[in-house]
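Okay, here's the structure, questions in a sec.
Going in written order, the chains are labelled A, B, C, D, E and F, and every chain counts its residues from 1.
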Amino acid sequence: MPPQDRANGPIRTKDIKRPPRSLIKSLEGVGSATATSELKLLGIRNAFLQGPVCMTPGVCVVGPALTLQFMPKREDVYPESEYVEPEQQLHRHVLYHTRPGDIVVVDARGDMTSGVFGDMMMTYFRGQGGLGVVIDGCIRDSAHIKQLGLGLWLRGVTPNFHTQTNIYPFAVNVPIACGGALVQPGDLIIADDDGAVVVPIQLAAKLAEAATVHVEWEQFSHERLAAGGDLRKYYPLTDAARVEYEAWKRR
Amino acid sequence: MPPQDRANGPIRTKDIKRPPRSLIKSLEGVGSATATSELKLLGIRNAFLQGPVCMTPGVCVVGPALTLQFMPKREDVYPESEYVEPEQQLHRHVLYHTRPGDIVVVDARGDMTSGVFGDMMMTYFRGQGGLGVVIDGCIRDSAHIKQLGLGLWLRGVTPNFHTQTNIYPFAVNVPIACGGALVQPGDLIIADDDGAVVVPIQLAAKLAEAATVHVEWEQFSHERLAAGGDLRKYYPLTDAARVEYEAWKRR
Amino acid sequence: MPPQDRANGPIRTKDIKRPPRSLIKSLEGVGSATATSELKLLGIRNAFLQGPVCMTPGVCVVGPALTLQFMPKREDVYPESEYVEPEQQLHRHVLYHTRPGDIVVVDARGDMTSGVFGDMMMTYFRGQGGLGVVIDGCIRDSAHIKQLGLGLWLRGVTPNFHTQTNIYPFAVNVPIACGGALVQPGDLIIADDDGAVVVPIQLAAKLAEAATVHVEWEQFSHERLAAGGDLRKYYPLTDAARVEYEAWKRR
Amino acid sequence: MPPQDRANGPIRTKDIKRPPRSLIKSLEGVGSATATSELKLLGIRNAFLQGPVCMTPGVCVVGPALTLQFMPKREDVYPESEYVEPEQQLHRHVLYHTRPGDIVVVDARGDMTSGVFGDMMMTYFRGQGGLGVVIDGCIRDSAHIKQLGLGLWLRGVTPNFHTQTNIYPFAVNVPIACGGALVQPGDLIIADDDGAVVVPIQLAAKLAEAATVHVEWEQFSHERLAAGGDLRKYYPLTDAARVEYEAWKRR
Amino acid sequence: MPPQDRANGPIRTKDIKRPPRSLIKSLEGVGSATATSELKLLGIRNAFLQGPVCMTPGVCVVGPALTLQFMPKREDVYPESEYVEPEQQLHRHVLYHTRPGDIVVVDARGDMTSGVFGDMMMTYFRGQGGLGVVIDGCIRDSAHIKQLGLGLWLRGVTPNFHTQTNIYPFAVNVPIACGGALVQPGDLIIADDDGAVVVPIQLAAKLAEAATVHVEWEQFSHERLAAGGDLRKYYPLTDAARVEYEAWKRR
Amino acid sequence: MPPQDRANGPIRTKDIKRPPRSLIKSLEGVGSATATSELKLLGIRNAFLQGPVCMTPGVCVVGPALTLQFMPKREDVYPESEYVEPEQQLHRHVLYHTRPGDIVVVDARGDMTSGVFGDMMMTYFRGQGGLGVVIDGCIRDSAHIKQLGLGLWLRGVTPNFHTQTNIYPFAVNVPIACGGALVQPGDLIIADDDGAVVVPIQLAAKLAEAATVHVEWEQFSHERLAAGGDLRKYYPLTDAARVEYEAWKRR
């Protein structure tokens, strides 16, 4: 019944289609805050994945989403035997698709007692060039995982493993809900201290374009405001401020 | 990307496989409380769909599950144009499959501001012989719908329509989560005042068998307890009580 | 500091401006479900007061909103002495403005341990012609109040009185938040089994107009669907169904 | 480790001390709303058991509390074997103490997936003269139990049995928390449509006394307010109203 | 309808009355924990703003509150045009009042998807001498804002801007609820790692006085306890300990 | 009524039985993640205390549990006078039992407005050799306490003291619920960045044994995965990888 056929031979899951490297590059300067504002103008009311919070301050990532979907555990469809047979475990399969720059996004249904990935899984993911993980749930072995250099957006951490109590991995690279937002496999994720944002792949180029309209004067305004300048004058720039700004730019 | 192909011609969604009528009949005397107890013995720790509550006291239903899955609304995949084109609306398509005795189970993600079905949809469902609806969310037009004779297990009611704010119908007759339990299309639902329970289809016959072990003496015990009898004597039956019971039975 | 001057003489609070009786009349056939749909088309994404639920099934009300706002209780601004001096209690003052057909809407901050109104207050309100009460919180003396004939939309009931624990009445006939929606004094409320909806007063005429576009054929469709008719044919009406409908109408 | 010694022979649990029947009688006219108000004056800020709601409208009970405490289930202290041995089950033992007029109060930790009592247990309780049950959790077999004539204050219902998932009965007639309030075995419970209230046994006589200060004029005021009388005149009574009242009383 | 007149000319909002600098100075040694204890003695049961947590460990602030109130967004009172006209945006206006030492307190209704302030606003606020911000909600651009040297007490962070989804700024320098506590404009805020506390301005002098009762021996006790001393002897000081303390003090 | 007799002379509370030092030593290498996995195999479905989160990253503790139970505050059983009499305060008594290596576990009922321990209490606890504290609630004076070198697993921090609002200390060294798990006095606690886990004392030796099955090859696998090795080959080890591993080990 799940998208993956488990009955006949080894499990095969679909890969995602990745965008050109140049598109991702063009979005790397765009933070999550700018992304949500511009996506609003492009018609997306809320692209924010509310729930997972940044556990790795200062890390900013942009990359395509591999997706993993959990479902409530039911013993007839997830017997213990599956747990002991590694190649049956779908949370491994999503990682098998990892290419450098990929981001794994997981619908763990907000569960706070299941650790979706542990140290070994995340070490492998990092070894394959994975950039970050966004989970509407938890990881385990967090002390070790935090040292791998990955970006982590999580609801929390737990010592429990992923099928210990309530949920089990159900599907790989299918559309999922994460943090109240729809994420399709191959959509882009922009994530930083403010949180994670989904960029629908078909809007990514438009977003990059909108965000490259260079606001040259923002640095100038920032300096002025930090020095006690008047918000009404420097943000946005008044005509009077623009004269100052032109002089500032010439220096 | 959803299971339904929307690009080419009219939408087609899969039907479910229904069990023999006799199997359902054999479960009609089994309430939800007995079902969860027996399913526990069969290895299912929790078959209860926690969240939707009974809105139609006294109504008991048993039947196969048609399933409908909602996802967070995202304007690029659910444009307004879809709303205005009835045949594009997947919540109608799940109803098109209705056969007499069917039960619709909906993963509405717990959303309390979206009315999954309104009066017209439910009237049609009833007209086709539908028995009941279990929703991890709400309906609208509830005053009218309550008069149709359907069983209703809901989180609540709302005047809003289904795609007014946060969610949209995404897939029909796929495995879903509802009330923290996994429901596969074609599983059986037993629902009454205590709530709704999923019976995995491959366990249904075993459940029916276990539940037909007739506890003849329960009515006797019930009478005795109601009359002030001692729990220790009458539930379960002691040897002394069994003698009384045999006499009671002969009368 | 509150909008009411408590220092000098008796408290005076502002009344609301009520719309012509004809406007309210024109909305009395419009239920909350139709109201939210039409308001969506008028640009209001969500007019539903999510939280208060209908405690009086079958009661439908339309009327202008008197508003009452609670604030977290702080002993320096709400001393016990205020409680013992009836004319200092603002929850009485909102009722003093009652005219026949009025509806009181209360922001009780979702508090589940404070009973905003008791039997005497509600009896007075009913005696003045009040229609109903919408509270993002609770009432007390609920057994008596349910017999008054008022419409009640509440989060729950409690034996506690309104300033017993956490909140106190702060302002009368000011804009409030109730159930996650903004309600301005004098806005209209439409409430029934599905819940309560705010109609911004400046949109009320437009809503009435939109809702009076008579859907004559809906009753016909309803009958057909209840009799097992095809949703695709009867909702909305196809050309074939329209011919049937015309014949039906002539009978 | 629990208060009951399970190691040596049959389990014995403590009974409660019941107040004189006359004390309970003197409180039977006092509803929960009056009780919380008067207890506030006696120094108890919040005697309301917030959480369990009335499932049996119109039923009012006053009686001493038998208490039952649940704890999170841990397989080493609650093995399956305990479940199959009825006399090991503590939820039975609390019922063994039932005397006519008793009320069982249960700390079920707010759990929504465990049915504390089923039909047989409640039939026995009723047969022994039990008045009502207050549970910070659920019952099962609710359709049958609602017909027994008991008062029920619950968070909800479920088909699951009491040790199916997360909790197990741990102690009988010990102080418990229920709905955020402390209940000691032998305290009095007053419960009606507004909810359940704990009356510390040592304050019960004072409460009865305070509540018997007869407010003769309240019925008069009620009539006047229902007929459109002025709140400022009739509640509390002004001197002018008192004259009317005296005349009314003479009729 | 809001306190600010938006119809006629530029918006004007009220400033607050600030206490003498000496009063604030006298409270700077008093942490939030001491403040709540002493305020309890002064009759304030709970002065803690529960919800916003400290995001800037080690920063302690004392200062007068500028207040900003959000309301649920409703499209008829907050049209898009307001967003594009900076001088119409009330969240700017509260910052215009900033004097050195001020603290902005915001009722953002607990909303987790709206960023009340971004980098530019907070840079301006810091440039004007602002000390800190307490929000029952979120900021955006958090990576930059954390470097400004402000104290931050927040429920979280988000990339969304303040009117992107559910709320909009409604009033400046009015009484607000924040974290379940009432804050009046001009009240003092004491905030540190434990959280933020409101000091009603009329109690500030009394609090300062109570807190200056010098507990000279506390440092002595602290040393003794850290070295393994007996709590019963050293906290509070016994007579025996007092002798030791006197000796310690002489050294 | 509480386990401690308060009526006659000074309060005495029971101590716990501590396991041999060697047992604790044997568990010190076992983290919380390994502990939950192995306890699952030993029949404990969920040993994780969900709720309290690690506030002291990098700190790992193993030790026996002293327990403290809070109950909802009720003024008749917890009068103000108790607060002012230190030796009546039970939260002090649990600390009196401290031996080096002990861990205090507190059921604070999830309350976010009560600070269970302050600076002086925790300094004393540390002075006696206490290792850490796990609280289903908060501490106060957190800035100071974080510098003591204790491990802290908490739901949060607050400036309020422990009996300021809703709860009061009720019993020492009794079985408690903390984070949805049962903790008996003398059980072992293993806590680190992932959270706190209860090890039933009778399972501690088995857990230690299971965990000492040395997985020598894990470090090897870790290195290979970090370097881009294939998960399918190195985790678990295939035969081919085992050859590599033997060579690696010889180096």
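In this text, a residue touches a chain if its C-beta (ideal position, glycine included) is under 8 Å from a C-beta of that chain, and two chains touch if they have at least 3 such contacts.
What you see is a predicted model; the values in this text were computed from it and never measured.
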Original post:
Can you list every chain in contact with both chain A and chain F?
Top reply: E
Original post:
What shortest step count links chain D and chain E in the network of chain contacts?
Top reply: 2
Original post:
Of all the other chains, whose mean CA position lies farthest from chain A?
Top reply: D
Original post:
Of the pairs C-E, E-F or D-F, which one shares over half of its contact pairs with A-F?
Top reply: E-F
**OP:** Could you find the chain whose CA centre sits the greatest distance from that of chain E?
**Re:** B
Original post:
Distance from the CA centroid of chain A to that of chain E, rounded to the nearest Å?
Top reply: 33
Original post:
With chain centres defined as C-alpha means, what is the inter-centre distance between chain A and chain B in Å?
Top reply: 35
Original post:
Could you state the distance in Å from the CA-based centre of chain A to that of chain C?
Top reply: 42
Original post:
Which chain C residues reach two or more other chains?
Top reply: 45
Original post:
What are the touching chain pairs in this one?
Top reply: A-B, A-E, A-F, B-C, B-D, C-D, C-E, D-F, E-F
**OP:** Going by the contact rule at the top, pick out the chain A residues touching chain F in the complex.
**Re:** 86-87, 92, 95-96, 112-113, 115, 118-121, 123-124, 126-128, 140-143, 146, 148, 156-161, 164-165
Subject >> Complex contact set, residues of chain F against chain A >> reply: 31-33, 35-37, 40, 45-46, 48, 50, 53-54, 57-58, 192-195, 197, 218, 221-222, 225-229, 231-232, 235-236
Subject >> Contact footprint of chain E on chain C as seen in their complex >> reply: 1-2, 43-45, 47, 71-77, 109, 166, 170, 174-175, 177, 180-182, 184-185, 200, 202-203
